[in-house]
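Across the two complexes that follow, chain A remains constant while its partner is chain B and subsequently chain C.
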Partner chain A sequence: MDNILNNYKATRNIWRSILYSLPMLLITLVLMSGGDLNFKGHAELYAFTITFIFLNTCFFLMHYKGKTDLYRSVVFIVFAIFLSFSFITNMFEYRGAMTFNQADIIECNVPFCHLVIPMMIVPAALTESIIFPGSILNGFANISTMLVLWGVATIVMGRGFCSWGCFYGGWDDGFSRLIKKPVIKRIDTIWRWMPFAVLFVVVISASLTLVPTYCDWICPFKAVTEFEAVTSAESAIKAVIFFSLFAMLVIILPLLTKKRTQCTSLCPLGALNSLSNKISAFTVKIDTKRCTMCMKCVKTCKLSALTPDDVKAGRASLLCSKCGQCIDTCRQGAIQFSIRGFEAGKLIDLSRNLFIFISFLFMAIFASGSIQNGLSKILTLIIN
Partner chain B sequence: MTESFILGLTTGSACLATCGMTLVPYFVSGNTSSKRVSAGLSLFLLSRLLVYIILGAVAWYLGQALFGESTFRPYILGTFYIIFSVLLIVYAIDKGKKRGCPLSITSGIEKKFLIPVSLGIISSLSFCPAMLIAVTNSASQNNITASILVFVMFFTGTSVWFMPLPLLSMIKNRQIIKTIAMFATAIAGAIYLFRGVTTIIKSIL
Partner chain C sequence: MMRYIKYTLGTIWAAIALILILILFPGLRTISEGLSKAPFMKIHPMYTGGEIIDSVKKSNRTIYIHRPVFNGLIKERMLGFVQIDWHGNIPNVINDTIDYNKDTIPDFIINIDTRNNITDLKKISAYVYDCGVSTQTSFGWVIRVNVVNIK
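Coming up: the complex of A and B.
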């Protein structure tokens, strides 16, 4: 019954799907190669080819099969795994360890991470300084490039960044898909507001102490990127916090609940991105005339962004990350990506095609480098 | 000092969530002029500040009397932080308990100018867990000025929330804001719990 009743047409037409996918094919080719198809070795060539085919096949299938979330999540999860892999291996190459020390901080050798953005805004406005020990213009993850990419992605997609652009979201997204039925079924929706409290506390503390407190003390993804070398009781406690939060919120709870618990109950950037949903160009709407109130979408949403009240109101809440899972699930074809300003039921095909093109492009920009880099390292090991 | 400000700022939101709607009718009742609203708010905040300065001095004396230069000082302080921060977390997340605002007892007061003064005094003497943490922080200081400053910073942090009080009734989604405020309070509790544990661990090592 795949999408038979769906509102937009899954093309099921190979030629039309290819036609829709051609622009992505060309853009990713230019983007990934940087206009230069001379590779340093076989490993680089194979890594480029595999990544290119992988990304474009997923995009093609989104059109051909009419499913958004399924193929989005495949890329998103692969991206998160490869990002951590290439990040850690880069750290070993540059510094010989996954940890950083005071010298790296003083020399601004810490690659920039988008999760620090909420904590940077107020200090940057007040003191005209960036409270992160990274490079503003140089290096493989410099601050200005990341800020521009995040800014544009957020204006266009709103919280869509959390399902199409985030470096780490694929971890809890992945674990939340590993078992078929949730062990813990009822989760109080009150937890959805926790990230706003975290955002509030970390913005205040970072503004007053000029230290990115979330990164320094809380971030679970330190466990799969880099963290301060354990040299004191304080740094040992920090390491315990990072690893236990990662185990709890990124592995165990997503497995038990089938929800992205880290994103739903902790991430301050998720809260900030949610606020941008108020102005972003795309939204998720529900055609209440088609809806039968079965509430399958409410159950399926991994970010608890839909409640029965939202369904009745005909739109996803502020917390929606535009992952498309509810759209894929709805048998009535009542849910759709929509361009802001248009009613539910209008411009369905155009809205979806535009949204997935732009969002996938962002994902390809963010993901292709890490996947290529990681693959190239693995292939070098195999070939040599 | 920054810490006390942060404590005030994060937990003040919860004070406002609990007592805000009790205070609003006084500040915006009927056709109260903006002059009267500002005068009332100033009296309210001044009386809070006065009580906090007194509390800072009392906390300093208590600190000297309880542990002074004792070698057990970090253990006692750490234990207080742990107890009060756990209380703060419980206070924040205990949704089942209907927390009445203590300010309602001022309803019998007749004299108009006394109302904001008594509201200020009672709201600052609530001895909620956040205030007990501020007392502990203040008692741990080396001199009376620093102890008072801890409370002045705590006052400043909480006062940020009382400034827009007259506008509170206009805010939509109050329940969501209340929830976020409660979570922020719980996070502040977690931070102090951590502080208590590290104070003890550091003195053992």
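Coming up: the complex of A and C.
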């Protein structure tokens, strides 16, 4: 049964989709299991099996149905929820609380997160050291491993990291999908440049104080991972800021606007990642000959990365996170993933297949550990 | 001609991207170990407490004195801290006299009630400011005393 989908000239041929999904199936099997299929118990076996089937089903459907954002967002949101669940339960097992204290800082036991990266670049260059109390190579979420993961993903996907790799983005992405129509419809596009201002301020302040100021004072995702134990007025103020910003930017505003407001208006790493869109091998292009200027893509973009001017110019802006929502929305099939150097309308299928294979593989392997860990804990509780 | 150069470069770059992702996870440990050897891959002394410059062996514990940390972004700061660690069996009360700058003159006396986490600092040197941190750790006890940079 041949069927031309909205934007992706896909043939709904189950055998083609199976053939396309086969390499993903084999690679995820090997990388998720580490080549060892001996599990410690039933809970681990079931967690592995469920995660493996879930990820590969989403990937298969992405090809078969020709919808990118729908299946990406399912994995992305599940990743965010399980990362937080897995992280917090690990912290309770390890420390007895989801807070860290002075001893954890002095012993450099704080797990590293990619949001620190923009603040550590200038001090690393000038002092030849990292301004974060974590482990360089050993232990959970060590600095070296996280830098490699972020670095490669950002070079390959550009700001695609924000929609395919960031384990926080799924939170506001998820809340932005809960209400069908936005309550707040008009948002000034000036706000989309706000992360660059935040980036500038946190880079300067972190360089002067040698403290990752965004993590120390602002990061809303402290509310769903870990934060400093409340032992003083200062730490109490910080906790209030973390939870207030999480409530406002990750829950309330995404619900009201249907936008990823934390990512659009606050995240300094998002601003840094935007710059890498200039070198990424993949872009989002608009075929101006097919475009009817309906501007549905502009309305639907969760990161406000598209404006009418961008549509007229035939390409997404620097802020595009390649989530694929505009591509799924366009009824004319005018928007497409493209390999850098090719004009809109060229190599549509190849560009899409290659980009989603690369991006999904990164997300699947990165997410699988947290999903398996979280599921294993839940299943252990049920089985026992 | 220019168009075909762009096509070729774009295709090569996309192929490299695919290879990078395919080798990323199997080679993650090796690449991370390689990166960890980079000159900037060490934790700033503000967090580690700086290098240990002296140790004093007591009956059931060892006191480690770190080099005072005044590191700023470009130059040294006026106010920094010195970290003192107690490793081993920590008694209910720690009472030690510390000479952090090795000039043979005591700089401060520290008294810690480790059961109730009460720390009392008696300043001897004019360069000693106050006690910033006093906490139990996995190896024993740590204090960070804020000191003035004499340089």
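Keep in mind that, in the parts below, the second predicted complex is superposed on the first by the 377 of 384 C-alpha atoms of A that agree within 3 Å, B and C clash if a C-alpha of one lies under 4 Å from a C-alpha of the other, contacts with A are read in each partner's own complex, and residues count from 1 in each chain.
We adopt the following convention: a residue touches a chain if its C-beta (ideal position, glycine included) is under 8 Å from a C-beta of that chain, and two chains touch if they have at least 3 such contacts.
Quick caveat: nothing in here was measured; it's all calculated off a predicted structure.
By the touch criterion stated above, A:A367 is placed in contact with neither chain B nor chain C.
In the superposed model, A:C320 makes contact with neither chain B nor chain C.
In the superposition on chain A, A:I187 contacts neither chain B nor chain C. In the overlay built on the shared chain, the residue A:V198 is in contact with chain B alone; chain C does not reach it.
In the superposition on chain A, contact of A:L210 is made with chain C only, not with chain B. In the superposition on chain A, no contact is made by A:C166 with either chain B or chain C. Look at A:C113: by the touch rule set out above, it reaches neither chain B nor chain C.
Counted by residues of chain A touched, the larger count belongs to C, out of chain B and chain C. 208 are the residues of chain A that lie in the contact sets of both chain B and chain C, per the superposition on chain A. The residues of chain B lying in touch with chain A in their complex are 2, 5-6, 9-10, 13, 95, 176, 179-184, 186-188, 191, 194, 197-198, 201-202, 205.
Against chain A, the residues of chain C that register as touching in their complex are 6-11, 13-14, 16-18, 20-22, 24-26, 28, 31-33, 35-36, 39-49, 71-74, 83, 133, 135-138, 142, 144.
On chain A, the positions that touch chain B within their shared complex are 190, 193-194, 196-198, 200-201, 204-205, 208-209, 233-234, 237. Touching chain C in their complex are the following residues of chain A: 27, 31, 101-103, 105-108, 122-134, 136-137, 142-145, 147-149, 152-153, 155-156, 207-208, 210-211, 280-282, 339-342, 351, 354, 357-358, 361-362, 365.
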